Every structure is written in structure tokens, then in C-alpha cells.
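Each of the next two complexes has chain A plus one other chain: chain B in the first, chain C in the second.
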Partner chain A sequence: MRLLTHNMLSSNIKGVEKGFPLRIEAEKVVEKPVEMNADFLRKMFEKVEWKAFLEASRSMGYAQLPEEVDSGMLESDEFLSRFHHALLELHLEEGALVCPETGRRFPVNKGIPNMLLHEDEV
Partner chain B sequence: MASYKENRTARIRLVSSHNEVYEPCDDSFALVDALLADRTNLLEHCPTMCMEIGCGSGYVITSLALILGRERGGVNYIATDINPNAVKVTRETLDAHGVDAELILTDIASGLENRLAGLVDVMVVNPPYVPTPEDEVGAEGIISSWAGGENGRRVIDRILPVADHLLSEKGWLYMVTLTANNPSEICLQMRKKGYASKIIIQRSTEEESLHIIKFWRDFDTTVDEVTDQSLIGFLGSLLAQIPLFSLWRGSNSNDNC
Partner chain C sequence: MASRPELVAPPEIFYDDAEARKYTSSSRIVEIQASLSERALELLALPDDGIPKLLLDIGCGSGLSGETLSENGHHWIGLDISPSMLNVAVEREVEGDLLLGDMGQGLGLRPGVIDGVISISAVQWLCNADKSSHNPILRLKAFFTSLYRCLANGARAVFQIYPENINQRELILKAAMRAGFAGGIVVDFPHSTKKRKEFLVLTCGQRAVNSMPEGKDDDGESCSDDDSEDEENQTVRVSDRHRPQKKQKWNKSGKGKEWIKRKKEQMRRRGNAVPPDTKYTGRKRKDRF
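Presenting the complex of A and B:
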């Protein structure tokens, strides 16, 4: 699971208000290199919630992202390549996503988050 | 033609399988053929985010990634299924073809509704559409691959509002339906949400008639302009224009159904 996907996922349990961001418990992180596409990154930059993304990248062991960002940084190749790496190349392979409100753990196995709910959570 | 198609779609022998996962079947082939038929438009559409709901073996999402081109970066694929074995098998199918997608084990798109809203440029769905007793819908294992409850609409009717919510302004939805699902009523329902629709492929066998319908937001038509009667008339004429023809594959094909 990419951090892009993490940034799009919320806890879906009944009664949870925001359920975002899910806290990452990383057991195994893998890197899969992909070609960089600056247009894609610019589009995604507008959608990504930076605080959540920053936290997520740290919990995956990557600490090269700036605290504060603005769209001017998209002109910098160095920023783009870090953003690209954290957003698309780092994958949570094993671990869990934890609901910020209830503490419910959604397991991630073989890179696939399991967001299925129990009957009493729907 | 065959080799063109082979290069552009997932290869059946590379599609992974599992006894509880839906194998690519006539409906899967029809959906992929619709995507191939619409390939030029898809390429011009330049989608950033593509999504499949109910990916099963991964045949369709893999084909979509191949149709849009391995060489083109800048597209992110997401595929969901409610069956744990399906998402595993989809991972193997993607890997075997050297393409990638983000997989999520979930009910339709649960967990993605908030943050993925309005971001999906292309959505493909081959839903469980077979009319069955209600209690088979969502049952464990392979049954939930096809069980659609009354008129086969139980899961379809839950997917449509989610699709509307997740699709971007320029978003397109390609969906498989059966005559028993009442496709013109589905188009009418989507019309009321502001979508135009077009049947890209229709195929008939003795048992069933499949339609692959494409939906897109149509800003020219405001909802109150549409009266049910005019629309049913319009759809009726649309359906009448399409000759009933059989395009089923010959004996050399790989249908396991």
C-alpha cells in the first residue's frame, strides 16, 4: 500500500466522525521504484493532506519531507523527487492502520489493507 | 487483430486463479472489449486515477492498465473486492503482467468515500448481477461473485451512488449489466444524477444478454428537463438501433464458464 492510498483511506466504522488519518503501524516497508511523473505529482499535491502524509512517511521510516509546504516547492526537483518517493515508492507491506478515534486495527497483509467491518461496526 | 488484442489486454494464461475467485468469463471479456473499443477516447481522456470495484481475478484492471499503456506513468490504479482471495489473486495477475494497482479488501469502496470523492477519472465495474434469492447476496466465497438478489440489482444499486460520489467531473463509468437488471431503468436513474449514457457493447447468448454501458456527466442537460417518458422513449430507440448479434468466442477461446 502506497502512502497515496493511505492518504485516501479513512476509518469506516459506524459512529466514527472523521476517522482520518489512520495511524500506521509498520512491520515491513518495501520500496518499489517507479518512474517519476511531475504532472501527476502536481495534481496529487493539491489533494494530499500534508500533515497526515508527513506523519505517515515518518512512521514508515522516511524523514526527508519538509514540515510545511507550498505549491512553489513543486518547482524544485529535489522536493519533487522526495515527494515522489514517499507518495508512490514506499509501500506498507505488513502492519496495520489504526482508527484514530476507536483504536480499531485494520490489518495490512501482503500490501493489502483489510477494511472489512464486523457486523456490529457497520 | 488477435495479436493486437493480446498485447493490449491481460493474457488468460497469466491470469491467476483460485477456486473461490470468479474466473474471467464472457462478461469480463465484454467489459475489456468495450474498453478496447473505447481506447482512443480513453487515451485522450488522460485519466489520473482509475478504479475497479469487484476486481475478482484482476483480469479487467490489468487489462485497463495495459490498454492505457505501461509506458505512460502518471496513472494510479485502485481495485477493491470483498473477497480476500480475489485481491490476492489480483495481485498475482498484476505482477505477472508487470503492472501495478493499489488493492483494498473492502465492501464496494468503504473507507475511500471521504478522501477519494471526486477524484476517479475512470471506473470499471463488472458487478454481481445475476438475479438470485436475497440471502445469497454477499454470501461467503464464490457465490457473492454473481449473486445480485432481486433483478440482480442489490449490489448494483449500492455501487451507483458510490460511483457518482467518487467520479471526478470528467469521470467515466463502464459497467456490465444484464437485461434482467433493467439497464434502461439504470440509465434513467443515472440521468437524474446528471449522467449521459451509451451502450458500448451488447452481446446475447441463449441465456443472457449483456450490455456494457458507459456513463459520463452531461452538463448540458439539467435534471428537470428530463421527463421519465421522454427518456424511456429515447432509450428505447437507442436499444432498438443495436442489432442483436452474437459475438461469443469460438471453441478456441479460453472460456471456463
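Presenting the complex of A and C:
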């Protein structure tokens, strides 16, 4: 799972009001290179919750993103390539996602988060 | 078709390791799913601006439908309830991210972030009650309301479905309308028992919607399945007849296998964990022209 997906995902447990962002417990992170598309990054920049993204990238062992951002940074190739790398090239392979409100762990195996809820969570 | 898989067992049981493999290695199935996905993507009528979109594939299975999205340059997130199907997707190194989940439990996604949704041959599964705790109406409701929430304003969702009968079609359509969607059903090849295919085309939000896209037929004339739409659904119709989507260009400039291998090698030298190269690495995408 890439941070792109992590940034869109929230805990869906019944009664949970703020299920975002899921905290990442990373056991294994892999990198898979993909080509950069600056237009896509600019669009995604509008959608990404930066603080959650920043934290997520750190928990994946990547510390090259700036704390504060503004859309002016999208002019910088340097920024774009870091944003690209963190958003689309880092994959959480093994570990877990943790609901910020309840602490419920959603395990991640072979890159796939198990988001299935127990019956009493629906 | 002899029997409906939906009547055999719950999806996560029906699609076990053996079935997932069989499904994905049948060239007939691969071909059908690809053409259904192409058609769904066309009905999504995404803006023709050449910018990749973030899409969802509901009931993504082993990734046959998602691959069509990748081939057209889009990013996607796939959800499926069958671990075996998802395992095959991992083996095939699909480019989308995969989630193990049950659409009937609703989608846990932030509001307004998804640019479009496809779902190929999956949603009819929601009409069955596979467990005593399952209520199809509630599960359809949970699914469509959560789907509506995560879509960007004006985005569409296109579902190719195999309803077992008229009641199932109505059940699905009603749940979608109740969740706030507008739209209806497009039928391709309505006069052919074999080729007949149904697509539920839904829009969310305000963007002007005038008429349903038309179904395809063999005689080249377009047709719409009037008897399947009740009055209520016709009040709002899906946008104007769109041009067939322009083939998008980013694949052409693709740097391909060699580039990926070189880049992976660089990353490895920097001491990073990078997956090994396989026959799927940077495989050539279908030529879109």
C-alpha cells in the first residue's frame, strides 16, 4: 500500500467519529520506482492532508518532506520529486494500520491492509 | 451460464485459491473482463485532460478490471473480500493498491477524494444474505452511502452487474438513488442473450446531467432499456453523449522495462528494499492506438 492510499483511508468502525489518519506501524517498507507525472501530483496536492502525510512518511522511514507546504512549492522540481517518492514509491509491505480513536489494529500483509470489520464493529 | 456463483457460496469462500487461479487463467474471462472494464471506463466519461485520475475498483478480484485502468494511465485502489483473489493480484503485480474489505460494510475513505469508480461483475453479490447477520438492504445502503461520500463532486460510478432478476436490479438501483445518486441503467446488446450487458451509471453532486448514455447494439443503432427505468430515475439523467474517450498519451512516452530496472538497481545500491525483477516487471502495456 502506498501513502497515496493511506492518505485517503480511514477507520470505518461503527461509532468512530475521527477515524483519520490511521497510524502506521511499519515492519517492512519497499520501494518501487514509478514515473513521475507532475500534473497528477499537482492535483493530488489539493487532496492530500499534509500533516497526516508527513507523519506517515516519517513512520515509513522517509524524512525528506517539509513540515509546512504551500502550492507555490509545486513549481520546485526538488519538492515534486520528494512528494512523488513519498506518495507513490514507498509501499507498506508488512505492518499495521491503527485506528486513532479505538486503537484497533488493521494488519497489513503482503502490502494488503485487512480492513474487514468484526460483526460488532459494523 | 450453468449456475450463478452467487448462489453457490459466499464470495470469500467461492473465490478460494483454486477458483481464483482458474478465473484468472481463463483467456476467455480475461478478455470479457477487459472489454467490460473498457466500456465501464468509457461510461465514466472522465475529463479528457490527459491527467491521471484516482479511481476505485470495487470487487477488484485478481486485478483484471484494474489493469484496464492502469493501461489508461490511472491510479486505482481496489477492494475485494476474497484473500485468494487478492493474492493472485499481488502475484500478477498489478499497479493498484489493494484492500481486503467487504463493500457491504461501507467504505472507509475520506470525503470527496475519489475521481471515479468502476465495479465489474461484483455488486450483485450484495443482494445475497450470506450470514444471518446480513441484511441486503442495509448492506447496499452502507455501501452506496459511503461511496457517495468519498466521491468528488460530479464524479461518476459505473457498475457492470449481473442481477439475477428484476427485483435485484430494482433493489440495487433504489439503494443507489436513496444514497443520493442520480442515473440509471445502460444496456448494451439488449437483444442478444449472450452479449447482453448491464451497466448501472451513477453520478454524484451537481454537475449538469441531461441524458443517459446510450447502450450499444449490433445493428449499430443505439438503444436504451426503457422498461428498466422507472419515472423516478428519469428525472435526472446522466450527462450529454460524450465523445469516445481520446486515447491518452502518457503510455507512449513510457520509459518501460529498462528504465524501471535501472531505477530499481539504483535504489538497491542505495541499500533500499526493492522487490526482485520478474516477468511482470514493467511489462508492456497493450498498445492503445
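The rule we apply is simple: the second predicted complex is superposed on the first by the 122 of 122 C-alpha atoms of A that agree within 3 Å, B and C clash if a C-alpha of one lies under 4 Å from a C-alpha of the other, contacts with A are read in each partner's own complex, and residues count from 1 in each chain.
One rule holds for everything that comes next: a residue touches a chain if its C-beta (ideal position, glycine included) is under 8 Å from a C-beta of that chain, and two chains touch if they have at least 3 such contacts.
Computed from a predicted model, the values in this text were never measured in an experiment.
Overlaying the two complexes via chain A brings chain B and chain C into a clash. By the touch criterion defined above, A:Asn37 reaches both chain B and chain C. In the superposition on chain A, contact is made by A:Glu119 with chain C only, not with chain B. 1-2, 4-5, 7-12, 19-20, 32, 34-35, 37, 39-40, 43-44, 47, 49, 88, 110-117 are the residues of chain A that lie in the contact sets of both chain B and chain C, per the superposition on chain A. Put simply, chain A touches chain C in their complex at residues 1-2, 4-5, 7-12, 19-20, 28-35, 37, 39-40, 43-44, 47, 49, 88, 93, 110-117, 119, 122.
Interface residues of chain B facing chain A in the complex, by the touch rule stated above, are 48, 73-76, 78, 82, 84, 87-88, 91, 100, 102-107, 110-116, 119.
Of all residues in chain C, those touching chain A in their complex are 50-52, 54, 75, 77, 79, 81, 86-87, 90, 95, 97-102, 105-110, 113-114, 133, 142, 146, 150, 250, 254-255, 259-260, 263-264, 267, 272-275.
The part of chain A that touches chain B in the complex is made up of residues 1-2, 4-5, 7-12, 18-20, 32, 34-37, 39-40, 43-44, 47, 49, 88, 110-117.
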